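Mind looking over this structure? Questions follow.
For reference, chains read A, B and C in written order, and residue numbers begin at 1 within each chain.
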Amino acid sequence: MLYRENGQFKTTYAADQQIFPIAQDRWTILGILLIAFIAIPLLVDEYLFRAILIPFLILSLAAIGVNILVGYCGQITLGAGAFMAVGAYAAYNFHIRIEGLPLLVSILLGGLTSALVGIVFGIPSLRVRGLYLAVATLAAQFFTDWVFLRIPWFTDNSSSGSVSVSNLQVMGWQIDNPVSKYLFCLIFLTIFALLAKNMTRCAIGRQWMAIRDMDVAAEVIGIRPLFAKLSAFAVSSFFVGTAGALWGFIHLASWEPAAFSVDRSFQLLFMVIIGGLGTIMGSLFGAAFIVVLPIVLNQFLPALGGVFGIKISTAGVSHAELIIFGGLIVFFLIKEPHGIARLWSTGKEKLRLWPFPH
Amino acid sequence: MNHQIGDVILDLKNVSLAFGGVKALTDISFDVREHEIRAIIGPNGAGKSSMLNVINGVYRPQQGEIILRGEHFARMNPYKAAKAGISRTFQNIALFKGMNVIDNMMTGRNLKIRSNLIQQAFWWGPARREELAHRAKVEEVIDFLEIQHIRKTPVGRLPYGLQKRVDLGRALAMEPSILLLDEPMAGMNVEEKQDMCRFILDINDQFGTTIVLIEHDMAVVMDISDRVVVLDYGKKIGDGNPDEVRASPEVISAYLGVSH
Amino acid sequence: MGFFLETLIGGLMAGMLYSLVALGFVLIYKASGVFNFAQGSMVLFAALAMARFAEWLPHWLGLDSLWLANTIAFVIAGALMFVVAWLIERLVLRYLVNQEGATLLMATLGIAYVLEGIGTSLFGNNIYSIDVGMPKEPVFILDGLFEGGLLINKEDFIAALIAALLVGLLALFFQKTTTGRALRAVADDHQAAQSIGIPLNRIWVIIWFVAGLVALVAGVIWGSKLGVQFSLVTVALRGLPVVILGGLTSIPGAIIGGLIIGVGEKLSEVYLGPMIGGGIEIWFAYQLALVFLLFRPQGLFGEKIIDRV
């Protein structure tokens, strides 16, 4: 099928303001959803669910959240891990303290709690910008690290903050095997991605982007930085917190604060930068890249060493992984600072013009 | 439509502004009448842009007050100014680089948006209807400024002259009652300047918008403005209709004398 | 009173080390607009090189003077830091000129991973010791003034002294030498500096090298106190609050900021820690810096800037 937008005339603004104004895009998305919801659960084996697909879905959700704050609103954060932690532990507390609270509600309340904390830690953004803000968000990271490690109330008095959940179900649907976990996360991601897309194409999204691009001009138009920035912090933290709750409840089932360390924060930031700042699609690309890369390297390096007759030790592999990972990040930033999403859209552009390049 | 020049709508009293040791404005007073085109002229660094920034609250003057439709403000802030119907363009184009033309202009509708975040997230009825209504309004401005062909272009890719036009479009999308223009024709060629002049006159004429204009091109200023304020080194050295200003010896020596 | 003073002095001494780390950030930020998250990895890399060469050299060369082995190891580690600086400029920085702050920050995180990977592959990832003959025993000072005197850790004292010396030298270097002035010109305006013929690329190599040396000294000091191990990378995270407190571009800011954070941390640990559970020093510094920023967003010595429009 050719990728063409000619002939698809829009006669109303409503038609022009659809999420995917081009028909071929709509079909592609529909196809992807069908594959994701039907084909994959039937075909894929357990290892892939556990090692790649579930982490990918959850981290994509978190990356969308980070992208809302960093990519759309222009506020750099190095504390995303903290909001995952808040989401996970808050959901945990709702789950164990309120008898019979449905799982879905616990998870969403985890997200909401994270949104509130996000607003508090977003306050510095009203006074400082850029890299100063980035460092300020580390305050959130180290503070929550400490809280969940040292204050036993939050972790049901368990030692060193390690907690676990079991026997999860939603309205009678047992979420215990990889396929059900995968589907549960997929539903979350699909709905949240849609919400994010809607927000970013509406007034609130334009407010965020205006603040990002030129905050003085935004103010002059009547955008209140207070509302725009704090709403971005809140929405972002809601997404990230929900992802945190899923990560704890669904992916790990038992976890401790280290699951949401500053490394996690960096990882999420990598995802949105490599995927593409300011695009929802890019968040997914970035998450896929970061989730898959270490696994590929892990499989590939010993094999490569074998070809040259070198036996690479486990430690050697993990060092090489670090080097290659770091190198790839730098390479990416140099070659395509706008991320995978940009490659994707230039690809589409080419396809649209094909076979006449100009 | 014909809008008669009316009463004083905006009155500045003894405004002084300094940045550290630099006195950008010293004890400036002048007024703007409803529906008029009021020009501010002066050599580089005279404090013209600072004046506009004081009017809509981007800079906070140390002294003086602003009286807008009879209401006194010791300090304006940008939000209050926007609420009161003041919009503006910028000397160094301040468009939102990451967005296309339509989105830039849609931001101008921001104060008129009523739907909330949740409704927008769900693309709920009110949010959707509102979005479409504002889009229609923005399209009117697009037609008015004759920029239909670039509506989906990211503003960063536009040539300078068109960027200035989009900047004006964003300000117009607010449906302002007072429009502040900071050198809207700087860096344009003759043809673009003529277009811009036409737009300014049309805006003033059709919508009755009061316009405060900074411009270096004397011919244009003398041509289209009703009254002119002259600043030099942060001080007011002339105020009156174009002919008076042109005849003032002080102005000639300080400003016209320099450029000729 | 004596105890309070002891805590205070301890804080000031620790603070001097923070200043040193913060200085590494400030130098690079001033000269290249890069917020260098790899600073911690540079500390680790330099310290590893120093520790391992000091250990290997006596075997290779049959040296038996610890002092000589340490000196040569220090020189080699310094030379390595030069190579690192040169490679970073060659392979990364020159391709990323004029990119946004966030992109540059990410790039330095990438560099950090590479450095950590290479460092641990070359030098191993166990705990190594650096023995530069720092005295370990505590001493009493001012026992004339206070009953029993003040208990001071000699090692901390010497470390603080070295840090202070280096900081002072660097400040002098920036104020007095031609290269230093050129560096400051670059910091103020890249394009202008380029147009008057200051070779940007060379300046970057120099500045990253200087930051590398600062990292080396910090690594040696910390390494001899705590052992050289992977957790040295977190040393940089301790320097960050100092940087936002003092301002990213201010050398005096880094110095005073370091002292404030050092003292604040020690006092809070001693007086506040027991009340709320201990281990608070890692976030306390950040909150301190944050609260400070809310009142003075431009930092300690930054000028208030009003955006021009």
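Note that in this section a residue touches a chain if its C-beta (ideal position, glycine included) is under 8 Å from a C-beta of that chain, and two chains touch if they have at least 3 such contacts.
None of the values given here were measured: they were computed from a predicted structure.
Among the chain pairings, A-C comes first (most C-beta pairs in contact). Taking each chain's centre as the mean of its C-alpha atoms, the one that lies farthest from the centre of subunit B is C. One inter-chain figure worth recording: subunit A and subunit C are separated by 33 Å, centre to centre, where each centre is the mean of the chain's CA atoms. With each centre defined as the average position of its C-alpha atoms, the distance from subunit B to subunit C rounds to 49 Å. A separation of 41 Å divides the Cα centre of subunit A from that of subunit B.
For subunit C, residues touching at least two other chains, in rising order: 309. Residue positions of subunit B with contacts to 2 or more other chains are 58, 90, 94.
Counting only residues that touch two or more partner chains, subunit A has 216-217. Within the complex, the subunit C residues that touch subunit A are 35, 91-92, 95-96, 99, 101-103, 105-107, 109-118, 120-121, 125, 237, 240-241, 243-244, 248, 277-280, 282-283, 286-287, 289-290, 293-294, 297, 299, 307, 309. Residues 70, 76, 123-124, 127-128, 130-132, 134-136, 138-139, 142-143, 145-146, 149-151, 216-217, 262, 266, 269-270, 273, 277, 315-316, 319-330, 333-334, 337 of subunit A are the ones touching subunit C in the complex.
Across the complex, subunit B meets subunit C through its residues 19, 49, 53, 58-59, 90-92, 94. Considering their complex, residues 13-14, 17, 195, 198-199, 202-207, 209-210, 212-214, 216-224, 231, 235, 278 of subunit A touch subunit B. Across the interface of their complex, subunit A is touched by residues 56, 58, 78-79, 81-83, 87-88, 90, 94-99, 103, 106-111, 113, 115, 117, 120-123, 127-128, 130-132, 135-136, 139, 170, 174 of subunit B.
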